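Have a look at these structures, which come just after this line.
Next come two complexes, and both contain subunit A; in the first it sits with subunit B, in the second with subunit C.
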Partner chain A sequence: MTVTVLPEVAGTSRATLRRNFWRGVWRVLRRKPSRMAGVGIVALFALMGAFGPLLYPANLPRDDNALYAPPSLAHPFGTDFEGTDVLALVVTGARYVLLTGLATAFITVALGTAIGLFAGFRRGRWDTALMRLTDLNLAIPGLPLLLVLSTVWKFTSPLEMGLVLGLLGWGGVARAVRSQTLSLRERGFIEAARGLGLPTRHIVGRELLPSMAPYIAMNMLIAVTGAVYAQVGLFFLGVLPFEANNWGVMLNLAVFSGGALTTPAALPYLLAPLLAILLLTLGIVLIVDAMDEIFNPRLREE
Partner chain B sequence: MTRGAAITRRVAGHLARGVVMIWVVATVSFFIIREIPGDPVQGMYESLLQKGMSPQQAERATAVLYGFLPKGTLWDQYVGYMGSLLHGDLGQSLSTPGVQVTHLIGAAASWTVLPVLAGTLLSFLLGVTMGVYAAIRRSGKLGDLLALSGSLLHGIPVYVIGLLLTAIFATLWPILPSGGPVDVDYVPGLNPGYIGSLLYHAVLPVVTYTLASYGGWILAMKSNVVAVLGDDFILAAELRGLKRGIVFRYLARNAILPLFTILALSIGMLFGGSIFIEEIFNYPGLGLLLVNSISSRDYALMGGTFLIITVGIVVANIVADLLYTVIDPRVRSGGTA
Partner chain C sequence: MKRLATMAALASIVTASACGGAGQVDGAGPGGIFTTIDGSKQINASAPINPFNPVGSVFAGYNGMELAWPKNDPTDPNVFYPAIARSWTETPDQSQVVIHLQPNARWSDGRPVTSEDVKVSIGLAYTQGGTAYALDPAAAGAAADVRIVDPATVEITQGANKSSMFLSNLLSTVVVPAHVYGRLLPGNFWQTLKVAQYSSGPAADRARASITGLADKVIAFAPKQDVSAGPFVLERVNPGAALLKRNPYFYNNKVIGPDKVKVLNYTGNEQIWNYLISGQLDNAPFTSVPAAVMDRIRQVSGSGVISGYSPVVTSLAFNQAHKPYDNVHVRRALAYLIDRRQVTRIASPEGGTPAVTTSGIHARAAKAWLGGGFDALNPYRLDPAKAAAELKAAGMTRRGGRWALPDGKPWKVEIHVPASFSDWVSAAKSITSQLGDHGIDASVVTTADYTLYLSELAQGKYDIGFWLIGLGPSPYNIYQRIYGQANGWQLFGGRLKHVAPGTEGNWMGGPQTVQAGGARVDPGQLTGDLNFASPARQKQIIGTLAEVTNQQLPVVQLWDYVNTQFVNTSRYTGFPPNDSEALRLSSGVWMQLGMIRKRQA
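Our next item is the complex of A and B:
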């Protein structure tokens, strides 16, 4: 059951360190099957985003004889208002959703980390000013602002959407990274580095960032879920033009044109994208839980 | 003496930050209204000219709608817009001509504020109680289950909860109305039929608000109780042989305090969520007003609603902070303890 850890040979190389790390990951994952499920779910969605659109022809086939068809073997989630297979819509729509999520997460984390590190490391006047800005970023009502912004800028491409959502959402990460920096910079190893006269670039890049990396990675995953919700929600509200198929467009069409909330016939069309969102959330929540334990040894239930 | 000064200073700080935020939001909406493709302000002005109005009349009519003149420099327009905002004038609605934006917002506000407050209160009570249980039973099945329900509900977006609830309780098993604030059959007023219908229609929206913020409460309360459980005074109380009920009260009182700071954030979040909830349940609150103003290109109404939602969040922040000051003795005495 338990993996026996080999006694470490003198002069441990980086490779064995890495192997031990992956062994630890494997152990944490195996202890709770739900975590394995989380990894499986997220891998499935990643594959869907990467290869999903290749599985289907560019224009999804329509079947005029089967509008809002009930679930069957050929159409596991039924068909939509044009007779297109709902499962195919979910699979091909995943790429847009995930790409936007990744773009947003990247911008959120890059901005948040940079601002948090700078504020926490410099302290003083810069810190005060940046934290005021962060407070404003956190307090501003994001969704109303997005809606109002959509009147002047149709930010539909994944990169534009990522940019908008990232610029609105970095506050939480910045605040957290700043407080981490403030506590880390008083620790012995940072003081030692400073005492040795190492350049700031080295201290921040080689000492501070690596010790925060797991934390930042977790925030990145959480930012992906946030971005998925926000963009699906924006398309659901119908304030952005529908250029590509994605889950939010499906929700909008199901509810406001398909009448999915009044007739059970269109219900599978509504439930399929909802199910996809729920599964993706579940997968990410489970992985974050596992990461928490991998990187935070105090939580390990040995 | 010091207590009053401390509270005044805190409130003043909040007010200052709130004013800055409202100013930022007003500036943003001014520039957005001005930059909208097709320039609705100029378009309005020109169409009025074509109807045979004199330039002065058309200018004044446009200014009544949008709060600033169609001509002049950017700075003049900005000052004009801010000036009319300071007078409490948000302009006139375009989609319902001749009606002041403030009037429409006033009519919509109660449809948002009351359900949001009800949802916040319910989720707070439910989440805090369940959070204590989840903490005490944290090594058992029940605790695991409660914590999982918290993380899942915390992670699920509001509109998914709303749509699922509607799909279940209005479509598949139709026991609740799928939308609208009230049945049209009843005469508005204090008669039992009308009030009953109001409550009946409010069930799904309020339950959605409740579930949307329940997850956050249970998670926060659980981690607070776990932290307090390790404190010495709990051990001392147990060693003194105090009754479980009293220990429980010590526990809950200390764990609940930090939650009041989240209360403000939660209300703000629900205000944002109201956009989805009102859209799904066709509930005539501020969120629906905002979405409808955008789809009907009623930009004065859009700017006004955005501003009022922001003001609502600022006010909620201040109220929550005041509440915190009243409850926490350390803040009350000036933060020296």
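Our next item is the complex of A and C:
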């Protein structure tokens, strides 16, 4: 009886918890329209990344007689140097940017969390060794290293780009997660878990990790924006391979080939990817704001 | 972006302040301050005032002088404007050149310019190497002996392996004062040079090492002050600009208009555009400019553009060691699919004209060399039908609207360009789009910088890359870009050898001999022959090479550059006209030639 009923009770309570959680999320989002806007923006970019390239032919159409055409109904952001619709470039270019951002965020958070948790929980020699490794990672000058790497590695895939950015960026997360772990491991519920003889895997996976999940999730989102800036910056500098619809490449060509900072002709070509980056960042920041309230009991009570 | 804009704005403000300051504080006379940029280098305030230093504060035509200044002739590399050399004579066999110096030439410290200065300058040039100053006497066109005839006459003898470029290379020698630079040459320098040039074995090797070992010392040499034989002498230099004042001892001082020259620094083309739009520059040499920016520049009061011939051509070069580009039909097909007019319109609307055909030469020089033969070349006009026929002849197949390799594998065309050349990047993108329209999967691959690009190109890593050709006026220089080291032919010590594709910088990988006019010819050998052939024979060789290039297409010629000089006549007038032979020289040389006068109110 007990054996059959208890799991059901546990399952029911988990489902209830989940339902309550999502209700809470919905409540928090509705409290400020800006948060709904944030979700909307990020959802829009996610759709652009997933389905954007399907909306256009593989070779984007060009108008040979409309080079750097001004904004119009046909071309809301004008055209580029060879008469291609700038909006089409932004939409089809979203996939690379977002995939890189997600890959970077995943690697940053996975590595940073794993190393931080392990170091903080084990302490001692492991902590010392892993934190020196973290210091080393934090000391690596990211941009110069990427510039050097770009001479030998072409970064043709967004996952390659994300891998490198992720490997360069996990240090901060590891440090923060270790600090949190050091603090949490002294708390009563962890001591109780230890006292009950629960295995380390359970303590770390079921007790520590959920307590830090909000923090990790927010870091993940912020890592996406960092990755977007980093890769767009590298493309802008011209050190990464050319993709006409890459936002960084668009910025590069608008400035250095179109003279967008000198004349208004290529300005829409410059502003469109900038606006996309701005919107994506804004959407993420608004969601992080909502997450802060969802996971922070004090903010929730206010 | 914001940072860039801010930096540009700050730079403009700083420069504007500097300009104003210079005008008032330095008290330029009635000739005023002429403002320009040096197109060949950016200013490095910490660099020495030394013409042998690549970033030194010596500006050609202003405080840097050569024996003579080359004219912009499409075919003859040996026509010059006098400079330190008032005149020169050359024996018919080109073995000896006698140079007569300007009788009134003086350095800015009042000392006369003598034959000793020229000899020391030649000695210093040997430490740096170069065609006329190679240490190997077997090298073609090397100076073998320098003799001072009298204080104003120098006689230079060419080595055994003669080159028609000897005079040209000789007259391009930078002249520096012996009383400043002479100490850089050891007392036994000329004896060591003789050993290096005429001996062999360990003694000669030691002598050569001793001379080339001086190179760094010469480059690093920093005179305390500028001693110039040019119309100007450096007054001061800071990171934003160099200011030069009139050299009162310049041999032709009376024709110099401005009292001072300000050479502004820049970090990129955008800064030059901003200088031009703000009307700061009286002259700027050729700068790549987008059409919209050009419109803004034209709207500036007094702004004008002088254009003329520029012996530079952009091409798409193939690595024929890589499949399928070893097949001439594939190269021809690509030539038929590229709309050069549209590519030029996108990439270089102001600084280029679409190539009429592929001959390996700029169209203007080609017409001069080939005459009616130029029109007989296949123009490779946009023709998808012919391209399809060529691709079929190459065994390519079309599946699902895309062309595939003869073995059925997908054909991916990769066009490589250096990322910093925005006009090439735009052109490459336009070409890939055009090829995409005709069922060829093509993409642009950029390389972080030009040095790396050239290095990877030489290693044979690319299938197709952008490549400058037609670098005239010397016919040898024109064709060695296609049938020279990059394609396996190495000319050294008067001997020509062909190396296998993929080795020793042979990245073009073309065949050593090709069929032309019913006979097999060796284009590299013909190119080498241009060094010492008579003018009539040169014409004949160029006809053959143009035909070979047109048929074999080791490159597809995209656009011929136009030299576009920006001038502003608000403060100064008398700039050279369109197509002037002086157009590719600095405005300092224009002043030496009596051009550029202060505008009268």
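We take it that the second predicted complex is superposed on the first by the 286 of 302 C-alpha atoms of A that agree within 3 Å, B and C clash if a C-alpha of one lies under 4 Å from a C-alpha of the other, contacts with A are read in each partner's own complex, and residues count from 1 in each chain.
FYI, a residue touches a chain if its C-beta (ideal position, glycine included) is under 8 Å from a C-beta of that chain, and two chains touch if they have at least 3 such contacts.
Predicted model, so just to flag it, every value in this text is computed and none were measured.
Chemist: Regarding the shared-chain residue A:Thr281, is it in contact with subunit B (first), subunit C (second), both, or neither?
Modeler: In the superposition, A:Thr281 contacts subunit B only.
Chemist: Give one of first, second, both or neither to describe whether A:Glu82 is in contact with subunit B, with subunit C, with both, or with none.
Modeler: second
Chemist: So in the superposed three-chain picture, is A:Leu261 touching just subunit B, just subunit C, both, or none of them (first/second/both/neither)?
Modeler: So A:Leu261 meets both subunit B and subunit C here.
Chemist: Based on the superposed arrangement, let me know which partner A:Gly238 touches: subunit B (first), subunit C (second), both, or neither?
Modeler: both
Chemist: With both complexes superposed on chain A, which partner does A:Leu270 reach: first (subunit B), second (subunit C), both or neither?
Modeler: both
Chemist: Report for A:Leu136: first if it touches subunit B alone, second if subunit C alone, otherwise both or neither.
Modeler: first
Chemist: For subunit A, give the residues common to its interface with subunit B and its interface with subunit C.
Modeler: 147, 150-151, 238-239, 251, 255, 261-264, 270, 274
Chemist: Applying the document's contact rule, which stretches of subunit C touch subunit A when the two form their complex?
Modeler: 1, 4-5, 8, 268-270, 273-274, 277, 289-293, 295-296, 342, 345-346, 417, 419-420, 422-423, 425-426, 428-430, 433, 436-437, 443-446, 448, 452
Chemist: Of all residues in subunit A, which touch subunit B in the complex?
Modeler: On the subunit A side, the touching residues are 135-136, 139-145, 147-152, 225, 229, 232-233, 236-239, 251, 255, 260-264, 267, 270-271, 274, 277-278, 281-282, 284-285, 289.
Chemist: Tell me, which parts of subunit A touch subunit C in their complex?
Modeler: Result: residues 58-59, 62, 64, 67-68, 81-82, 84, 147, 150-151, 154, 238-242, 244, 251-253, 255-259, 261-266, 270, 274 of subunit A touch subunit C.
Chemist: So in the complex, the part of subunit B that touches subunit A is made up of which residues?
Modeler: It comes out as residues 17, 20-21, 24-25, 28-29, 32, 35-37, 151-152, 155-157, 159-160, 163-164, 166-167, 170-172, 178-179, 268, 271-273, 275-276, 279-280, 290-291, 294-295, 299, 302-303, 305-306, 309-310, 313-314, 317.
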